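A, B, C and D label the chains in the order they appear, each numbered from 1.
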Amino acid sequence: MRIGLITGGGDCAGLNAAIRSVVKHAVGAYGHSVIGFRNGWKGVAEGDIVPLTRQHIRGVLPLGGTLLGTARYHPHEANGLDAVQTTLEAERIDALICIGGDGTLHAASKVAERGINVIGIPKTIDNDVAGTDASIGFHTAVHVATEAIDRLHTTAESHNRVMVVEVMGRHAGWIAVNAGIAGGAELVLAPESPFDMDKVESFLRHRHRAHASFSIVVVAEGAAPKAGTSMQFEVELGRYGEIVAGTTGGRVASEIASRTGFDTRVTVLGHIQRGGTPLPADRILGSRFGHAAVEALKTGRSDVMTALRGERVELVPLAEVAGQVKYVPADLLAVVDALA
Amino acid sequence: MRIGLITGGGDCAGLNAAIRSVVKHAVGAYGHSVIGFRNGWKGVAEGDIVPLTRQHIRGVLPLGGTLLGTARYHPHEANGLDAVQTTLEAERIDALICIGGDGTLHAASKVAERGINVIGIPKTIDNDVAGTDASIGFHTAVHVATEAIDRLHTTAESHNRVMVVEVMGRHAGWIAVNAGIAGGAELVLAPESPFDMDKVESFLRHRHRAHASFSIVVVAEGAAPKAGTSMQFEVELGRYGEIVAGTTGGRVASEIASRTGFDTRVTVLGHIQRGGTPLPADRILGSRFGHAAVEALKTGRSDVMTALRGERVELVPLAEVAGQVKYVPADLLAVVDALA
Amino acid sequence: MRIGLITGGGDCAGLNAAIRSVVKHAVGAYGHSVIGFRNGWKGVAEGDIVPLTRQHIRGVLPLGGTLLGTARYHPHEANGLDAVQTTLEAERIDALICIGGDGTLHAASKVAERGINVIGIPKTIDNDVAGTDASIGFHTAVHVATEAIDRLHTTAESHNRVMVVEVMGRHAGWIAVNAGIAGGAELVLAPESPFDMDKVESFLRHRHRAHASFSIVVVAEGAAPKAGTSMQFEVELGRYGEIVAGTTGGRVASEIASRTGFDTRVTVLGHIQRGGTPLPADRILGSRFGHAAVEALKTGRSDVMTALRGERVELVPLAEVAGQVKYVPADLLAVVDALA
Amino acid sequence: MRIGLITGGGDCAGLNAAIRSVVKHAVGAYGHSVIGFRNGWKGVAEGDIVPLTRQHIRGVLPLGGTLLGTARYHPHEANGLDAVQTTLEAERIDALICIGGDGTLHAASKVAERGINVIGIPKTIDNDVAGTDASIGFHTAVHVATEAIDRLHTTAESHNRVMVVEVMGRHAGWIAVNAGIAGGAELVLAPESPFDMDKVESFLRHRHRAHASFSIVVVAEGAAPKAGTSMQFEVELGRYGEIVAGTTGGRVASEIASRTGFDTRVTVLGHIQRGGTPLPADRILGSRFGHAAVEALKTGRSDVMTALRGERVELVPLAEVAGQVKYVPADLLAVVDALA
């Protein structure tokens, strides 16, 4: 069997573990060939291939990023499906394993509609792919964010400051909630719970009056104010010198500084959440998903995604998960509130 | 309500997160009092108490160990149940939250038999408590072990050596299997699969002839040779100077060195797997379990243990889990074999 | 002897090691009393004291920040010298140990002019205090910045991007140069070498044409274009959505994106460089400096600063170092250029 | 110019940074060729070469170990000098850069005696090479040891134990002293100060009676009892089940357990001190030394070693440093004693 392999969308930690696992298991157990395509669906559309052997995957387990490269290109939105199909036929690909987030997996289901065998492997630091307890890259992102919060804690306390930290999470607040709990944040603003700036202000005022002289506020980039509440961004850009403009965290910090007069700083973590040495959890998840994807092909499955369900890896139909967003459940949000 | 709180058994990372969560939620949400006992069941038997307030839990989230202290003392094995009951009555404890491994939780069910409200929270770096996907401390232990394997990898490769790493796991090989996958070990010896030294030898000989000049072998302390297979420890102690005698890893390394003549070294990780800054996963698990234990008491539950099941925290009867060992399932062992 | 102790200026990693060392050695070896003042010179001016005993310094070695708190307040610029003197006399302080950067140490020499015994201990993540090979906090800051660059490397490579990283360093580029070498950056922009954007552009164009498809550019916040060279910031704010406006790194990234069309991102590390668990080097430096400061008082020295010179800790007159900036020397800048 | 390059002796963190720097600077600035030999002097004697280009050094900066391999082989002790000379002439090597510890550098001076241009670069986690403030690998080893001590601290405190940690250091106690200070150890046993077990016992008894219920004791592998003092190892092997026999740390732990009855455990860190991702300090030192070695050849120097002196890299004659051991100076040992 000739198996095609791509990584698509934003990079994250653990992709190389999945690539390594697919190659090791497919070649070692079944003698399959594995053909990688560079830069996600773009490489499939353009026929940019790299045959993958044991040689290519030596030493990649502790490395971040993806040795195949990646790109944010979706063939079904770019009239690329014909080119994809042409390449797959020209390369005599029997099945394609697609490691990616919602966009890549959605494209996978479109490709599957053309009769091509496709297995999806979910990855996204945002952890918002439906149908699986976790996606590759999430645990490392939480770790990086928590380490940053730990570092900011001592600064906040030493200087009696409000430290606002913006973490990734456009649609769901998984990183914000988990890193917020792990880092002992006083306040977590997530997309799941639109915030009321008046309440943020009164919470911080009360805390700084009664308990402590510093606070950590974690803000997901996709957090937004509750409809009808006031968030005026009254301060001019630059007035609070170190506040970063144009970001959710920066706006929240401006508002807090403006309303309370507290010494307030913002840190936007950005891309450091994506890369670097993967945590064991992401290496293991990548390894298990890669193994399961090869097994799925062996048993004739297609159009499914590997998924973590409790302690087991299962297969779920791509159709069930494509286009869905997995939100942080109410009971986890309750833990955040209880520990604030 | 007056809630008693203990940590028992070996210490691990994430205990303070659980203590903090119990105190914050019980005091903050319901106005309960929380009475800690020092050094596990021993402190209950001896009436060694420390009332816990918000002041005690400041800054403990990133700290390893347990601020309450711990001990390996089981009242039901030491005629201590009467003393335990006397203390709990004298201190007017309405319910007891017990954070511990199998021994502590077993004692908890014995105490519950006397009509005392008890909630268990599972912790063990070995991850072998039944009924829950994960116990507090496990993820950090896997992380420490994986970091060590990463470090040994470069030494093994630079010196063309076999490096044997002994990790914890008396009854089950969770750390060995997970750190072995994450660290890219060539061979993992776990209690679940008794090993055959002849096969270990021929595997290593084949690998060193065909592929590579180094190997990493991860050994759980509870790993044992298959019945009827040969493991002779023929070498005298000290002949291989740096080999640590009297440990499972040391014996395996002696045997490999003696049989193959390969330059072989052993590292026994030991106690560093227990302590230090908890990984976010253990801080979060501790926080969630602490919150859930307080909620369980609020709703009148007793004689149950908090358990992670997929993405949710649930309650399972202590009776169902006491005395059970959770083994590494076959599908995870299969991933280890596939990636060797 | 009654020793006063303050930490002033921005916080950093290793301050608690110095505090601990002063207390342990002064109390343990000589039976002195140590009186801490909260929030730097501000606390001296306001008489905000906290007597320090062995109890206060338990467990602080691995903690970032400063248990005394700190503030950017300089008594000689705020008519505070009289208040400082009044407090020191009221508290019968025989000598004052001042842990701080250039501002705090400059104030120390002003206080010394009034006949008060003063010993300085240099700390600054910027490493620009003159007279000493290293200041407390620098090594940890380089570590944090290097870790971030490591993480960004894999992202840059996976996505074929230019990643711009802004690190601290207003007057001198120590963090930028050291983290740039350690992280393998392609380009380092430091205050010591004003940059020419035309050369930056041609360097990146050449590299991306000839060698590689990604680059890491490390920018000290105090880096500036060479006089007479062009840096136009032609792009409107917001056009490159993820580029952070109003920062040196953001301006450089805008310029690169605008000139080359390369996919460019910026990360401003900010406050995470200050805090968190200190690296051994900063704990050791803090411990040695604290010890040396107490010894200096014992031998009757005043108006001096502890300084690392090679492997030894020496004392240098405050007058020699106050107001001086220690720049990155030419031979170290040459290493950066050679390895680009 | 054709430059030969080897890494010899035990591996450590930062070797790849030095290799990379030699190749980048020699090829990039001067158009030299760099010929690597595998496995140290052994590869030179056997003519086992690998020409090194920019391609070979991509991505190696954050990797531990040495891409050239290494071995403990000394040509002057193995009648290998003729073979070394033959290979160097056959490969038309104009000069040899030798990265190694005392043994490798001693061999280098023997090779230089035959009229071959040789530059040494010091590396050893033990930090005992004379003439330089630091050798490649030392800072990372201290970091690994300190992290381990941090982890053991929380366990010791939770269980009221004496934890003995054995670190590397046969002739000098640099790792023990530095990690002991950084980790806040109560006692450090280094080769520089032979210990008296009676004093160790009374120190621990006093501490556990007066202050605390736990202790951390750091032991260099080369630490030894003072002549004439008693150290009886009265306990039979195996009596204290978890105590590792046959190591310095194990013997000290046995003795402490036997004398005091305190719950005592030992951890032998071993090879994890050598490997893994190098700390920035070792990457920078390797980069600077590699650069300086190439510069030294350019200016016609030979038979010298690169050395860190304060903030500068200088050249010192190999003859001055070969066979010397750099011991921990008295003032640093005094800091350890003061902070115990």
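Following the convention adopted for this analysis, a contact is a pair of C-beta atoms (placed from the backbone, for glycine too) under 8 Å apart; a residue touches a chain by one contact, two chains touch by 3 or more.
By chain, UniProt protein names: A, B, C, D = ATP-dependent 6-phosphofructokinase.
Note that the coordinates shown come from a computational prediction; the quantities given were computed from them, not determined experimentally.
Common neighbours of subunit B and subunit C, listed by label, are A, D. When you average the Cα atoms of each chain and compare centres, the chain farthest from subunit D turns out to be A. The equivalent interface to A-C, defined as the listed pair sharing over half of its contact pairs by residue number with it, is B-D out of C-D, B-D or A-B. Subunit B and subunit D have CA centres that are 33 Å apart. Mean C-alpha position of subunit C lies 29 Å from that of subunit D. Residue numbers of subunit B whose C-beta contacts span two or more other chains: 63, 150, 277. By the touch rule above, subunit A contacts subunit C in their complex via residues 10-11, 13, 15, 39, 63-66, 69-71, 144, 147-148, 150-155, 157-160, 163, 237-238, 242, 244-247, 265-268, 270-272, 274-277.
Those residues of subunit D lying in contact with subunit C across their complex are 20-21, 24-25, 28-29, 54, 61-62, 133, 139, 142-143, 146, 150, 178-179, 181-184, 211, 279-281, 283-284, 287-288, 291, 309-313, 329, 331-332, 334-335, 338-339.
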